[in-house]
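A short write-up of the structure that comes next.
Chains here go by letter, A, B and C, matching the order in which they are written, and residues are numbered from 1 within each.
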Amino acid sequence: MNSRLETRGLSRRYGRQRALIDVSLTCNAGEAIALVGPNGAGKSTLLSLLSTLARPTAGEILYDGRSASAWGPSLRGRIGSLGHEVSLYPELSARENLMFFGQLFGTPDVTDRVARALRLSGLESRADSPTGTFSRGMRQRLAIERALLHAPDILLFDEPFTGLDEPAAEALIARLAAARIEGAAIVFSSHDFEHAERVATRVAMLSAGRLTSLGGLDGAGSLRERYRAAPR
Amino acid sequence: MKGVFAAAWLIARKDFTIEARSREIIATAVFFAVACVLVFSFSLVDEGRAPDNVAAGVLWIGISFAGTLSLARLFERERAHDTLRTLLLAPVERPAVYLGKLLAVVMLMAAVGAVLLPFTGFLFDQAVLGAAPGLAAVILLGIIGYAAVGTLFAAMLGRSRSRDVLLPVLLYPMSVPVLIAGVRATSALLDAAGPDWAAARLWIGVLAAFDVVFLTLALWTFEAVMEE
Amino acid sequence: MGSIALLVAAAIMFAAAPWMIMRAPQESTMGLIQKIFYFHVPAAFTMFVSAFVSGIAGAVYLVRRSPRAERITAAAGELVVVFGAIVLLTGPIWARKAWGVWWQWDARLTITLVMWLIFVAFLLLRKYGGPGSEPLSAAVALFGMANVPFVYWSVNIWRTVHPTTNVVPSLGPGMREAFWWCVAAYLLLYVALLAARAKLEAQRVALDELHFEIGAD
């Protein structure tokens, strides 16, 4: 039985800089791995590589046992990605943004799903306002809905809790837990330990591009302690 | 999964929607092109008369300058909120993104051309109406060639430092055949002795060949070049 | 080792070249200035060879992301600018004497200038585009190479003043040896420079790796 996501000896260089060095990990359906580490540790790079936006300089990534090129563009229909930037068009309304990306990603019943997404994110009342007028938190909530709109089973989220207030963070935790139960594989990075440990089933610590540890969680509060105790 | 052309059309339509609301690019590009044409006219006109065959050159300079501006602004929009990243994540062949942006750029430049052609005809007293269909074909083919190379470069430069100055630096030498063929074809069609269709056809052939070759090359290299 | 041997061979050929060039008969109308031809044409030939090498290596790099292809694209691109500069400097010296003007808008001159500009832009991109501009510059080299027939074609239909290609066969017997000697010398120098530059690039990358290893651990 193949892992949903598997990296083998993954490395990535940018000119002089080595962003990732020999990272090997697996993430199975129903698992959520939290990437934890200081700035520049390689978390965003790893997520970029996993979402096929960047090519590794060494090593490989397998999705259900096959490489990205073996899958072709349809693989991206299974990936839900959230980057550092919200990636929304400020001139378009919330509804228009969701409709555009939904259609582009080939989402079935897109109108219904968009309506549902607007409801779930609590943005229904502002559905027809340009997203340029939204606060950071509102845009983040919309970006999360956009990432989940086409029902992906591989979620790659970079700092998903950024800008979210407590109710929104709780809602996200619930959404991710539900996605996990439905069999999604989740890899996400976060500096927000309190929320992250409620989503994650395992924690991967990255430091200067290397994977320094990968293991399960044992009890609340342990993620922050583990991070502090980790060698650099 | 969406087809390549359907996805490209979605992307282009999204750009048209945004542009229709702000009209920012079209307004600045047209105004800039008109200003260019005027400045060149001032420098070339001597004792109230322009030298012969200057209209075609001035027209194409205006179109190409406005083109570079449109390309830069169009991709700046995608870069500002990192939306290009999500476009590349769509489950469709990545060249669809290229095609969508190409269509948007061509439409923008065509709008500029539609304004500049009568304007230069007016300023330089050229018989534009007589050869209008031929001129439209020449301008469109030239725009497609210019945009085919320009869209690829502008997309690629999104992440680079110094992208503002690098786009013209890369694009102008590369599009020399388009500019030569475009100017010569336009000049042939605006000839005082009546449109020289034979010469125009020859140059249109060069433009069409350039378009085909460079569109193909751009489509072929787009994915490889957009991957980090 | 190989590049040093090539460089030595090229140096010897270049040392012998002036002797060969002086031995060649003087062209009747142009006099001494015509001998620039022996520098100008081989340099132009080498420049275009380099443009093709760079373009093809660029295509290989885009398809396979091979570091070796990247190094060749970069090295050959640089050499286009170097040899192009020689062509663009020696050409006008001859043109002034032969045609009375420094510049003419004909096919060969224009295409040389445009190619040179494309590859100068290539170098500017590599210098100022930041890391990750390698695929972009490979595409520029490839597009530049693809552009050669188009620029040539469009300017050719437009104007022609430059001596046509039959200059080479019509060279007098004494001139022909000197000419081909210079072509061979230039190509030898080119290959040596290309190999040396590519190797330099490889060493620079290896140095970066070493620098990083030491720094990290």
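Going forward, a residue touches a chain if its C-beta (ideal position, glycine included) is under 8 Å from a C-beta of that chain, and two chains touch if they have at least 3 such contacts.
Please read all numbers here as calculations on a predicted model, not as lab measurements.
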Pair joined by more contacting C-beta pairs (B-C or A-C): B-C
Chain whose average C-alpha position is farthest from subunit A's own: C
Separation of subunit A from subunit B, taking each centre as the mean of its C-alpha atoms, in whole Å: 38
Subunit B-subunit C separation of Cα centroids, rounded to whole Å: 31
Distance between chain centroids, defined by C-alpha means - subunit A, subunit C (Å): 49
Multi-chain contact residues (two or more partners), subunit B: 227-228
Set of subunit C residues in contact with two or more other chains: 132
Shared interface positions of subunit A, touching two or more other chains: 55
Residues on subunit C engaged by subunit B in the complex (per definition of touch): 62-63, 110, 114, 117-118, 121, 124-125, 128-130, 132-133, 135-136, 138-140, 142-144, 146-147, 150-151, 153-155, 157-158
List of subunit B residues in touch with subunit C within their complex: 149, 152-153, 156-157, 159-163, 166, 169-170, 172-174, 176-177, 180-181, 184, 202-203, 206, 209-210, 213-214, 217, 221, 224-225, 227-228
Footprint of subunit B on subunit A - complex, ascending: 48, 51-55, 73-79, 81, 83-92, 96, 100-101, 103-106, 146
Of all residues in subunit B, those that touch subunit A in their complex: 1-2, 7, 10-11, 14, 17-18, 21-22, 77, 81-83, 85-94, 227-228
Parts of subunit C lying in touch with subunit A, wherever the complex brings them together: 65, 131-132, 208, 211-212, 216
